[in-house]
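What follows is subunit A paired twice: with subunit B in the first complex and subunit C in the second.
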Partner chain A sequence: MNETRRGFLKALGLTTVGTGLGIPLLRALRPGSGTVLAQVSGPAETAPAAVPGRQWAMVVDVEKCLRDDVRAAVIEACDREHNIPRIPDPKQEVKWVWSDEYGDIFADQINAHTPAAAREAPVLVMCNHCTDPPCIRVCPTGATWKREKDGIVMMDMHRCIGCRYCMAACPFGSRSFNWRDPRPYVEHDENGKPLSDFPTRMKGVVEKCTFCAERIDEGGEPACVEALRQVPGAEGALVFGDVNDPESEVSRILSEHLVMERRPTLGTGPNVYYLVPDALPALAAAPSAGVDGNHPVSERGEVAP
Partner chain B sequence: MIQNVLHGGRRYWGLLAFWGVLILIGGLAYSHQFAVGLQVTGMSRDVSWGLYIAQFTFMVGVAASAVMVVLPYYLHDHKAFGKTVILGEFLAVSSVLVCMLFIFVDMGQPRRVMNVVLHPQFHSLMFWDFMSLSGYLLLNLVIGFLAIEAERKGTPPPRWVRPFIYLSIPWAVSIHTVTAFLYSGLSARPFWMTAILAPRFLASAFAAGPSLLIVLALLVRRFGGFDVGARAIRSLGTIVTYAMAVNVFFVLVESFTAIYSGIPHDEEAFRYLFMGLDGHAALRPWTWVGDALAVVSLTGLLIPKIRHQERWLVLLCGGVFASLWIEKGLALVVTGFIPSPLGIVTEYAPTAPEIAITLGVYALGGLVLTALYKLVLNVREKTQLA
Partner chain C sequence: MTSRSRIALGLGVFFLLGAYPVWNGLASSADPERPELARAVDSAGATGCIEDTTWMKANHQKLLNEWRTSVVRDGQRTWVSSTGTSWDMSLTGTCLKCHANTETFCTRCHDYADVQPTCWNCHVVPEGGQSEGGQSHE
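Showing the complex of A and B:
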């Protein structure tokens, strides 16, 4: 073998080993860059207002959310707040919060005698902001991570490489991939601008519910929860709060009622809880107190005109 | 030495042109996918991985199978493999390349591929897979080129390469183990979440890879005038037989646990494969054909009188390869997504652009393999003349 080629091979080897091992090691050693060091430096370095040990959670009152107008208000508010595209092909839809059937969401809770009305009862689903999220474990770039200050499972749409490993890992189907450029499918106002300031996404990245982290950081509450304040009789349909604060409304509900979470045996520790009425079969069969009765609701939860 | 790749007969150039056309079509399809996104594929919310990731998984196995010639030759001094080793190593090189390309074409944001090393996540198996594949590519490139260079000069390979050869043996096992761990650690997908997935991957790899190598060796003998020797072919046949028997056993073991226990989550995927679920049965014919091929080929292989006849062996190897491709390159990935976490059966079928891109990636691997084998043939020709 001639000397130049040997040199080239050596350089190639060193470069590959360098990028392969060197950069991760360097990153782990560089202060403030790796997760390990973030833990060592502690929450003092994060936002000063952060209360350590917070974990935001949501309680969904399934009975109150049987009303079509309640679910529609929730989904509408979320879609507007986050400029969520309305993609006609259901196989390539983007959904942050949507309505699905009780029997599919709580497949372990139904039996051969559960009436169809209960199986088909619409229930709101969204990202569970798990305590131990499998999506974060698998993400190869740290594009999805759990906020230390309040437990929100975040998404960095600028770092995501679109490998969709998180979608394979999520046991709740809560993640959506932008199979196409979403911008043409985002609703615009009369000036041709998207309805909200929330950045629109590009094709090829994964997204999901973030509990409206940007609103929480400004002392607000999630858009869906806020929207329900305008719907008469919808108080408490969605309750949002810190599950680690014993004084919070969420904690009160969890201490006074038996609540359900999705697929608890998988150990991911969902932070979205469901208050399910004993009489769900009867309630779901009765015409709802909302708009027009128990007509079929689209998967997205929109009220048919 | 390298420039020899550019000298060849009409048949050689014809083959390169064939790969070139497929690469061109695949490249055009990819530029379309690059422009408009992965919407051009048959993948969906529910089945979010498809043909690309399945081919990646299958080809990691083919890459790993080089160990089936390296190990007997270097650790057991199995002389019959003397001329086969380099073919195995270069097959590994082109297979790893194909694997990496399949991951790349599956990415939603391919321009950000370096984020995997810029923001490494040690808890992600994808990071480790990236590392182990790169390492394996490098090992086989270095070992392969040093071996062929030494042969050209008529000297033994340098002593310092020995440790790397030994290292490549566990490394080959590691690439397919890590690839299996990508799947088997996901609580969301009961079909994949089985401890036997990694052993199964290895067994099927050690059957599919050497099957391909037998076919390639016979092609090289016929068209390249280079004979690896009947003993090598026979040894490879034995390896395919044992590996295939173990693989079939593993599949049966796994099916037993899933079906006898009767837990719906575990059983449904198998029901989908063999019978269909909720009126969806796209993979049913493939499953039955694949399993029939597996049984017939294995039976043939187990009978020495049949296995030892090369024309039968080639057919049986074709059967093994096809059945394992159906099992791993088609059914394994898609079925993991059926039913979805919300109990929905969404079926998947690759689209024309997806198939064109897939063929293009394979053609690129074929091109590299052709060039590398040409290199080997040139060196062998010269040493034989001398």
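Showing the complex of A and C:
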């Protein structure tokens, strides 16, 4: 080797220039790619127009859901259907659908004159199955994603690694982490089996409402909506349907009423709507939402410690 | 003793010890005891397994992975076997309807093969199966 320092630096400079010029040049020369600029903006122009599929949505009638038995029926049905553990420590709770205070849920839509009783009134909350969900963007494993065919924000427990990025990204607190093995806290029948065949989860995964995707795939409706059919006077407390179908009940309600959604300014496009306008007098008269609104203790069986 | 013979002796001992699995296997003539698996119980509607036993023995793990992907990722729950029969892709709902006892059907062979699938950490074993809960993750 009789490479001089000067010669080496020259070669280095040429290599840098060559690489810098060469790669864009090669790209531009690739068949069908046109100019470098067209290459950059190409995919957006050629992408096919999005096919409007289904987008499942839920309308929560806040006034009808002020009744304790209505909310209890919803939460109970969900707990049973999905073997949701009832963990006493609120820091470790697992919740798919639950009650929270109106003033907290709609913190950006109340004002200084909103009656205190209305602020404390219970409202049912669940995953919003957003049109543009921030949770799925941050998931490093693709364990949560938005189903193209019907807009459900889905969970794949086989892939979740428990990093909890999705929980940080979700502005609605809709996701729960399994801090411990949930099995001992799942309600069991007299034979020691969980109430439902739905897989329980394991320590270290995140879970949330899936709009009962497994029931929908078989042509059914969410367990909470189905359970309310058995509750007298609860008709329409929860209405489930396709917002992209102009004929659906959900679409009808949205076209005939002013509805609220949670934190609309964030732009995530929640698909859970709240029918509120006429509810204020009822809200103000309602009992406050406490933790007692969640996970009602069932009469069927003991919850393991 | 020269160093050459000492090295040869050392190497000889080393190879003899290293080959322990080979000569031990040759010495013990008896076949390792194969696990006795529980026969499937008849279930209403099911006439035999979804595929033949030999194929299932070799491929059930791949099949279950495919089912998982299909159901969870694609929302597609119906599977058609090589004989044209349609089945619901469900571990608890289809497989365990006949192979009800996971202890004597799954675990026994998995122990023999020294594999530890984690299915039962989450999936529910219906009536008559093993007591629930796989390994503890606490």
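Going forward, the second predicted complex is superposed on the first by the 226 of 305 C-alpha atoms of A that agree within 3 Å, B and C clash if a C-alpha of one lies under 4 Å from a C-alpha of the other, contacts with A are read in each partner's own complex, and residues count from 1 in each chain.
Quick note on the criterion: a residue touches a chain if its C-beta (ideal position, glycine included) is under 8 Å from a C-beta of that chain, and two chains touch if they have at least 3 such contacts.
The structure presented is a predicted model; accordingly, all values stated were derived computationally and were not measured.
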Subunit A residues touched by each partner, larger count belonging to subunit B or subunit C: B
Partner chain in contact with A:Arg180 - subunit B first, subunit C second, else both or neither: both
First, second, both or neither for A:Thr200, with subunit B first and subunit C second: second
Touched partner set for A:Cys160, first subunit B, second subunit C, both or neither: first
Touching partner for A:Asn191 - first (subunit B), second (subunit C), both, neither: second
First (subunit B), second (subunit C), both or neither touched by A:Thr114: neither
Touched partner set for A:Leu266, first subunit B, second subunit C, both or neither: first
Partner chain in contact with A:Asn83 - subunit B first, subunit C second, else both or neither: second
Touching partner for A:Thr131 - first (subunit B), second (subunit C), both, neither: neither
Shared subunit A surface residues [contacts with subunit B and with subunit C]: 180-181, 202-204
In the complex with subunit B, residue positions of subunit A that touch it: 1, 9, 12-13, 16, 19-20, 23-24, 27, 90-93, 100, 103-105, 107, 134, 137-143, 159-165, 167-173, 176-181, 202-206, 263, 266-268
Of all residues in subunit B, those that touch subunit A in their complex: 36-39, 41, 43-46, 48-49, 103, 106-110, 112-113, 115-127, 130-131, 134-135, 138, 141-142, 145-146, 149, 182, 185-189, 336-337, 340-344, 346
Touching residues (chain side subunit C, partner subunit A) in the complex: 68, 71-73, 75-77, 92-93, 118, 121-127, 131-133, 136-138
Touching residues on subunit A, where the partner in the complex is subunit C: 83, 147, 149, 154, 156-158, 180-181, 183, 191-194, 196-204, 213, 217-218
